[in-house]
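In order of appearance the chains are A, B and C, and numbering begins at 1 in each one.
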Amino acid sequence: MSSYRIHGATGEWEVVIGLEVHAQITTQAKLFSGSATAFGAEPNTQVSLVDAAMPGMLPVLNGECIRQAVRTGIAINAQINAWSRFDRKNYFYADLPQGYQISQLYHPLVGEGYLDIEADEKAGIPVAKRIGVERIHVEQDAGKLMHDQHPTMSYVDLNRSGVALMEIVSRPDMTSPAEAGAYLSKLRTILRYVGSCDGNMDQGSMRADVNVSVRRPGEPLGTRTETKNVNSVRFVMAAIEHEANRQVDVLEAGGKIVQETRLFDPDTGTTRSMRSKEDAHDYRYFPDPDLLPLVLEAAFIEECRQSLPELPDAKRARYEQALGLSAYNAAVLTADVETARWFERLVALTASKQGKAEADVAKQAANWLTSELFGALNKLGKGLLDSPIGPEAAAELLALVGNATISGSIAKQVLEKMLETGDGAGEIVEREGLKQTTDTGAIEAAADAVLAANADKVEQYKGGKEALFGFFVGQTMKALQGKGNPQLVNQVLKAKLG
Amino acid sequence: MSVDTATVAKIASLARIKVTEADLEAMVPELNGILAWVEQLGEVDVTGVEPMTAVIPNTLRLREDVVNADPLTGGDVRDKVLANAPAPEHGFFGVPKVIE
Amino acid sequence: MTALTDLTVTALRDGVAQGEFTATEVATAFNAAVAEAQGALNAFIVTTPEKALDAAARVDADRAAGKPLGKLAGVPIGMKDLFATQGTQTTAASHILEGFVPQYESTVSQKLWDAGAGMLGKLNLDQFAMGSSNETSAFGNVISPWRRPDGQGGLDTAALAPGGSSGGSSAAVAARIVPAATGTDTGGSIRQPAAFTGISGIKPTYGRCSRWGIVAFASSLDQAGPMARDVADCALLLETMAGFDPKDSTSLNLPVPDWSAALSADLRGKKVGIPREYRIEGLNADVAKSWDDGIAWLKDAGAEVVDVSLPHTKYALPTYYIIAPAEASSNLARYDGVRYGLRDLPDHAGLQDMYAATRAAGFGAEVKRRILIGTYVLSAGFYDAYYTQAQKVRTLIARDFTEAFAQCDVILTPTAPSSAFALGEKSADPLEMYLNDVFSVPASLAGLPAMSVPAGLDSTGLPLGLHLIGKPFDEQGVLNAGLALEQRAAFTARPKKWW
């Protein structure tokens, strides 16, 4: 159990959270029409006569939406319902041309499933937790209203109208903002692995309706509010934090929580009541008579299963067990599918360049990636996906370290130059004469000079101050301009001081 | 179940049809007549009967995920979409300002 | 020589193909007949003489160039104003769509134009196809061309209902101002008006005709079909209108049979079911007699007549009046004044006020009534008691037919409980009006093909129809039995021209 509590004036309160995540299914065309789904088009250009709900227009289901939702369901260990159907949710709003949204209430495509979030002490998640998913259903997105273009009018853009969404409904299994954040991040990771949603929250491809209630520990569930369309992990956590505290304040002041729809304001980090949606509570759901039951063959579901890639939990376990990565590195490298792809390419190339097994180079590659490359990219304000160097260039660099052409510290310099110039590692080492020295004579000469110049320290060393050995190594390397083979430098110094 | 003026007013509001008091008064007996008549369905024993889902046994076909495969159901037709709009505004549909 | 306007679709098509007359001559003759009758009958909401002439000119040119001609080349028809026609106002007879000009053509109308037919105009109907008398149109009542004989060799002056909702279609075909028209049938909207006006009309199996581009009333029931003067014309038109359409998810992916070619009035080896539950208490004596005539004619055609039972018949109408309004309440939500059609924006009105004002001003009383019923039966707390129960009873009604069809090939009933009534006679009581569809609604609920053919005149001198219901996909069985009735009924009566 999470220990997250709100400390009110009258005692402690527990928070209960459920998320309804709307994830745009990655498809070319809309759920029930052939218009495009690309982000950022001119208003009403990606609108068909069907999307505009012209008289007599009819929906025809895009199979790819179903395929992707089924794959997603399998990825969260959910039951796939071979028989499902679409219902109409009736309400009037300017962003809803048909006067109803085609959704699935009574017979959703995907039933009960779950996903696991990891313990993260620092983030406030003391133990790993399984979060239940009640269902995934497929539905139409609404259009968009713009309120700031005209003094007395709002403008309606239907480009998004009819775009396919999965609504992924969690169980109210989360009890802290951190858990909700971890759930949403994990869900996003899975969706991106599966390829069913690009997870671009800033473009609205993924957004969450956040259900929050508070109660005294051990008491029955309190009345919940639903905060609509929160579009980042951080905002979800902030919305919960604010909403839970607001509810505690209301209750402690003797008030009651009204079951209502609220809106999150990212600028203030607060939520407010959304009056415009208030009277829309009687949705008169009924099966859409324009659409027949959706019946999936076992072979279709099996094809969906077979087409799934290795999923994050499995990949993470494999990185730890088969590749010997630390738990931290395994977590970092599997958190996003593109990062994992980058890493796996790097490992494959490194192994082949060095003629070694992947398991023998993976750990080194992971360490280099998470510390060296991430650190250097961070300084440039970049991430792995917009890194100036790809896995091929990185593998070349690692090979130079692996075959002792350069040392680890030279490798750092080379990496910086690579990022700066885009040139290959070999070219930089050659051009700048960075190959490490394995010439024992040169190393001995440098060592002799260092020892001679630091006679006092040699005395102290011999007197038992062994920590000074590092100083001699450093000075010798410096004299060699960093190019000395570290092992040889060590050997030579040991012998001379020995 | 019979409806009263308040219920009819609520239904009309849900259906977004403005009705006058006089309309309401006239509608109540009409609707009650129809409702009383359809309620004879309650006497049918439907134990073990599934609601009709498709009158001619048939299931959904799945469409290929192709943009504008058929121009009649594809996008890039803004002029057609806006051709009958009561208040077209710079490529948008104009509606009275909405406060969210 | 017979007037061009007296010819059937088949005769017109053949005459044009054989050069007996030109398509332009045909279109001109019908345009004139339409213009002459429009003021009296109000069968059209808009007439499109230029469209009829354009289509005719193309056919004449094709023929002159020796190009192959379509199945309906040179035949001008009337289009019910529920079918979207590109560039021509489409209203569903509602004020809310007045001025709406579709930027698309319905699948069914497109198929007819592709076959060489031309459009004489958009036919009046009950508003959103809701009605049985054509008295709910926002564009005025359609007046039936039929009048009761006054007993002194003249005609009574009372205006009669042409039936509904396809009342413009039935009136126009019966008046010989169009050779054929399209109709749509949700609970009897092709068959009942056909019966009232002494013409033929067929509603095919649900899914045969694409619903794409037809203004929706009740999606699980709506079907398009032809209305014409005889069974052969219905077969010819239906095989042009039907066919798989990937744009309609409920469209049947089946080849369209050549119904015309396989037409046969020989019913030997066929069994005709007579459902005992249709012999309702107080059945009009003329209707009962015409039904008996029908039974005798089908026997004469070689069929064996068997008694069948459709035990849930009495529940069909109440079932229909839950399901159809429920679907309609949702289907008509799109008429909100945002994207097309009427917008009523009172001063200082917000969005939701605009909706309520627009819909109040745009919809007629019957449409509002059905939207309210539909909204109510779907609303929270009532859904299961009304809608779910109705869909279960619908299953039982469909099952009744399945069981009956284990014993017979086609079912014969009257089309409507009476001949045409006077305008205004039933419009005060919605329930009495709804009862008009008592015989036609069960087949709609079961999605079955069904047709009405003229059987004769009743004792008041008005036409009565006989109603044939077939197995799913067996339009051929329905048409063949229809042809057998047609040959024996020898119905030649036509409205005396008074307009």
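One rule holds in what follows: a residue touches a chain if its C-beta (ideal position, glycine included) is under 8 Å from a C-beta of that chain, and two chains touch if they have at least 3 such contacts.
In this text, all values refer to a predicted model and were calculated from it rather than measured experimentally.
Summarising the inter-chain layout, the chain whose CA centre lies farthest from the centre of chain B is A.
Contact tally for B-C versus A-C: the pair with more C-beta pairs in contact is B-C. Separating the CA-averaged centres of chain A and chain B is a span of 40 Å. Here the CA centre of chain B is 23 Å from the CA centre of chain C. Distance between chain centres (mean CA atoms), chain A to chain C: 58 Å. Of all residues in chain A, those that touch two or more other chains are 49, 52, 57, 60-61, 92, 94, 154, 156, 282, 284, 291-292. Residues of chain B in contact with at least two other chains: 13-14, 16, 53-54, 58, 60-61, 63, 70, 72-73, 77, 80-81, 87, 93, 95-99. Those residues of chain C in touch with two or more other chains are numbered 100, 103-104, 212, 220, 246-247, 249-250, 329, 333, 336, 338-340, 351-352, 355, 375, 379.
Across the interface of their complex, chain C is touched by residues 49, 52-61, 88, 90, 92-94, 97-100, 154, 156, 281-282, 284-286, 289-292 of chain A.
By the touch criterion stated above, chain C contacts chain A in their complex at residues 83-84, 90, 92, 97, 100, 102-104, 106, 211-216, 218-220, 246-250, 326-327, 329-330, 332-334, 336, 338-340, 351-352, 355, 375, 378-380, 383, 387. Residues 99-101, 103-104, 205-207, 212, 220, 246-247, 249-250, 252-253, 312, 315, 318-319, 321-322, 329, 333, 336-343, 345, 349-357, 359-360, 363, 368-369, 371-373, 375-377, 379, 382, 385-386, 388-396, 398, 430-431, 445-447, 472 of chain C are the ones touching chain B in the complex.
Contacts from chain B toward chain C in the complex involve residues 1, 3, 7-8, 11-19, 27, 30-31, 33-35, 37-42, 44, 46, 49-56, 58, 60-61, 63, 70, 72-73, 77, 80-81, 83-87, 93, 95-99. Residues 13-14, 16, 53-54, 58-70, 72-78, 80-82, 87, 89-100 of chain B touch chain A in their complex.
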